[in-house]
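Chain nomenclature is as follows: A, B, C, D, E and F, assigned in order of appearance, with residue numbering initiated at 1 for each chain independently.
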Amino acid sequence: MSLLDLFIEAGNLKRLPRTGWLLAGVPNPESVAEHGYRVALITLFLADELGENGIDVDVGRAVKIALLHDLAEARITDVPLTAQRYLNKAEAERKAAMELFAGTSKPGEYFQLWREYEDGLSREGKLVRFADKLEMLVQALEYEKAGFRNLDDFWGTLEELRESEFYGYFRDLVEELAALRGGRR
Amino acid sequence: MSLLDLFIEAGNLKRLPRTGWLLAGVPNPESVAEHGYRVALITLFLADELGENGIDVDVGRAVKIALLHDLAEARITDVPLTAQRYLNKAEAERKAAMELFAGTSKPGEYFQLWREYEDGLSREGKLVRFADKLEMLVQALEYEKAGFRNLDDFWGTLEELRESEFYGYFRDLVEELAALRGGRR
Amino acid sequence: MSLLDLFIEAGNLKRLPRTGWLLAGVPNPESVAEHGYRVALITLFLADELGENGIDVDVGRAVKIALLHDLAEARITDVPLTAQRYLNKAEAERKAAMELFAGTSKPGEYFQLWREYEDGLSREGKLVRFADKLEMLVQALEYEKAGFRNLDDFWGTLEELRESEFYGYFRDLVEELAALRGGRR
Amino acid sequence: MSLLDLFIEAGNLKRLPRTGWLLAGVPNPESVAEHGYRVALITLFLADELGENGIDVDVGRAVKIALLHDLAEARITDVPLTAQRYLNKAEAERKAAMELFAGTSKPGEYFQLWREYEDGLSREGKLVRFADKLEMLVQALEYEKAGFRNLDDFWGTLEELRESEFYGYFRDLVEELAALRGGRR
Amino acid sequence: MSLLDLFIEAGNLKRLPRTGWLLAGVPNPESVAEHGYRVALITLFLADELGENGIDVDVGRAVKIALLHDLAEARITDVPLTAQRYLNKAEAERKAAMELFAGTSKPGEYFQLWREYEDGLSREGKLVRFADKLEMLVQALEYEKAGFRNLDDFWGTLEELRESEFYGYFRDLVEELAALRGGRR
Amino acid sequence: MSLLDLFIEAGNLKRLPRTGWLLAGVPNPESVAEHGYRVALITLFLADELGENGIDVDVGRAVKIALLHDLAEARITDVPLTAQRYLNKAEAERKAAMELFAGTSKPGEYFQLWREYEDGLSREGKLVRFADKLEMLVQALEYEKAGFRNLDDFWGTLEELRESEFYGYFRDLVEELAALRGGRR
């Protein structure tokens, strides 16, 4: 598999809908790639903010993790919660990620970055998990603002943000989000 | 789970795209429910045709199998070929089907019908498999007629139709389809 | 007209939107085929349920009626209420159905099944009418759950379900649906 | 019916797809309103061009006819060719147009303008018919340029343009269109 | 540039979304051409209504202005409010309009009509401005009726209608619209 | 403007279509965010590949540039080529970028990164320009593979890749892409 093959396969992420929104009834919801773009962007700004607060974070590393993490979905698709009781999504993504990285110049490093997210092995990996959840809630807020309902289940994730080790640094941001949602209900 | 819950959950099939077309680049491709409708319709006409030819087929039973078979995708989604190397789709659908039927008045019978397709246990089950493949090729023809390309891989299924035990009865239909495609290439 | 021609023409049902939702402002609403799939599925479960209650229903026959009924819309389209004051939809569908069935092995039988729905000639035909209305309301509930409004007019159909001869058997289901809607308003 | 009611009802034309393209497999084809906009625009330029050639045409009148003509489809929808064998579309649109104009300040004049198109009663009415067909072919060209196929049937209309009384004035335009299409095939 | 080139370029207006709705989260919102169609239609009815009230308005001229005005967006696109602080949209549209009209038989007249809207130079130009705003609010009402939210900012335009010189003639219409919206909030 | 405001505004990039494809007739083309995701991904892999070849590239910096560059389009939209003759897109994006970064902890650094792309000030900035063009051509290939036509103009960019300072390192990749396209024509 050449790099071009990998880039072409990554194009699947533009076509694949995020199934959580799809099943909740949002017509033509965002794609995995659209989610991935903002997760990486949020990761960049949050990582720099942590650095300003004296926390040692490798910003470039964090952003790479953000970009690589959803790549396996190009083969596996965005398996929704309703399916995860029946399918071993994590194991499937792990194998697919390993094979996708095989044709690159640094398969070991990319897979290591991938695992830092999946297994929460590093501060950078954990930060991307935080950004991934935050992104989903910002999107939920936007959909609700536009008139969509049926998204209450998504907001359970707010508690996960509050219990995160990064909450102390982003309390204002998280609570501003919660307030915007509260004012909307 | 009440019957109403089951009907609501079946609504997912209207929202879930058939991922084979999606990954091939067809914008807004058919849903699983749209495919399921025509599979059932084709099954009905083919079963009656077999009956006219003196073959013993339970038409009603065949149509029920057609309707029930894709139901598990309401939870599992239409897992594409690219994912099936990594995920045990068959096992997942089996479990999901069993649970979906649990709230009905005849869980055993529905699951038996479901297995007749999945495991090719009966003539009716095999006929639905034939109809399922035929439906996919008719759709491929329609997409190609409309201008879409990149669907060559789907046409390998034509050989499977030709090797089916039902081919003798539907040779004209299958070869008319092949000819229409051939004229288009 | 060959069977293949019929299957290709049935493909129109995947492309044709249900115009009631379209005119109410639902973007990219369900297709006629998507509606037809769930009507057939609901018919199957309700017919079996009636059988369990000692009512004599030919389940296979009911399901066939469900599949055949909307077929004429492949030519006529889903003529909305706003047009029915000006057009004789029933007559048009009758003629189109007759012509569509002409190329099959059992034109008389299929047209008879079609009429059982249209004219409410049999218990099975009436059951499909019940399932057709129920399906529409389940879909209305889903759209409202997703945030769409402007669907009040559809809910008048609830009274028709309550006045049906089948209401006694499906009272719980119908009232559960009504309650879900009520809780949503 | 107030003017506001009329404007709201005209909004249906934005939601209603042109069914000819839809049935030919174009995903999300143009709406009736989109067609109507360009028909009116083409009418304006052609009418002025005729005037430059010394032909007596009431440009404003022609444009009004163009805008009013498709209005009845807000109730009737764009009934496709496949349905016109079974439905009296012309009669339905006539009645609907009459009722739609009833709440305006000049129902008689608007209906007269509507009839000038429908029945080809005036030069302006005939010019809008010419513009209507030309618009459809320009759209067909654009869809084919984008990759869509299956539109051969639409091009029969080219002969109708060539047989029109206006052909002499717009020969270059029509033949340029034909040449662009020819170069594409 | 031939007339055919102009008609083809006008086809862009069918593909270009009205960005105000897009950014507010309406999925697949109306196109510029859909908006343009109803603006022209509204202009026609309002101009005739003014005439009935003894106001001297050239109805045909008003309708032509309505059709020509958005044409420049075929090149410039519908530049949204968020961009207008950074881009000189008016100047760009002026130049593009001039170039688009260059290949027609009456470039001067068309540009003059275009300026009557843009610069509010004539009663007809001002009436189209009124119709343009009214059309947007009718669309906002329809989107809100369908369930979309986040459109409050659009309704500031209601005050502009009330301050218009035409308000006296269309008070009932405007206030009926305001009341429908009020009842919805 | 808080970070949350910035994240919400970045959501516009999911809604905004890439107008080049839109005007070429691709229905529902990719969004700016979808493009941005793959540009960043390609940048990551190419930068690492350069590093393997002994070229000194700051991979993290390159990826940050990729993510930040299109951000200004959240306000300006993807102004197409047809509009760039009339509008000063570069100047508008520069101002908007500056204002967007104003509420962050490092406005100067982000704007510097943004300029490195815009003005080609650094190797990393130039690499992102290369990745941006490559991504567009991979997308063009995918659309053509799916059946879309009318994209010839996009392929002029192939020459720009061949004239780039990075071509020597990615010759195989670029020529593989050219060959895939050639085989398709």
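Here, a contact is a pair of C-beta atoms (placed from the backbone, for glycine too) under 8 Å apart; a residue touches a chain by one contact, two chains touch by 3 or more.
All values derive from a computational prediction rather than experimental measurement.
Chains that touch both chain D and chain E: C, F. Note on connectivity: the fewest chain-to-chain touch steps from chain A to chain F number 1.
Remark: among chain pairs C-D and B-D, C-D carries the greater number of C-beta contacts.
By residue number, over half of the touching pairs seen at D-E are also found at A-F, the match among A-F, C-E or B-F. Separating the centre of chain B from that of chain C, both taken as means of CA atoms, is a distance of 21 Å. Between chain A and chain E, the centres computed from C-alpha atoms are 41 Å apart.
Between chain B and chain E the centroid-to-centroid distance comes to 48 Å (mean Cα coordinates, whole Å). Among all residues of chain C, those that touch two or more other chains are 25-28, 142, 147.
Pairwise, the chains that make contact are A-B, A-C, A-E, A-F, B-C, B-D, B-F, C-D, C-E, D-E, D-F, E-F.
Residues of chain D that touch chain B in their complex: 24-28, 147-150. Interface of chain B with chain D (complex): residues 26-28, 142-143, 145-147. Of all the residues in chain B, the ones that touch chain C in their complex are 2-4, 6-8, 10-11, 13-14, 28, 30-31, 33-34, 36-38, 40-42, 44-46, 48-49, 52, 58-61, 63-64, 67-68, 71, 104-106, 109, 134-135, 138-139, 141-142, 172-173, 176-177, 180. Taken together, the chain F residues at the contact with chain E in this complex read 12, 15-17, 19, 22-23, 25, 28, 74-77, 79-80, 82-83, 86-89, 91-93, 95-96.
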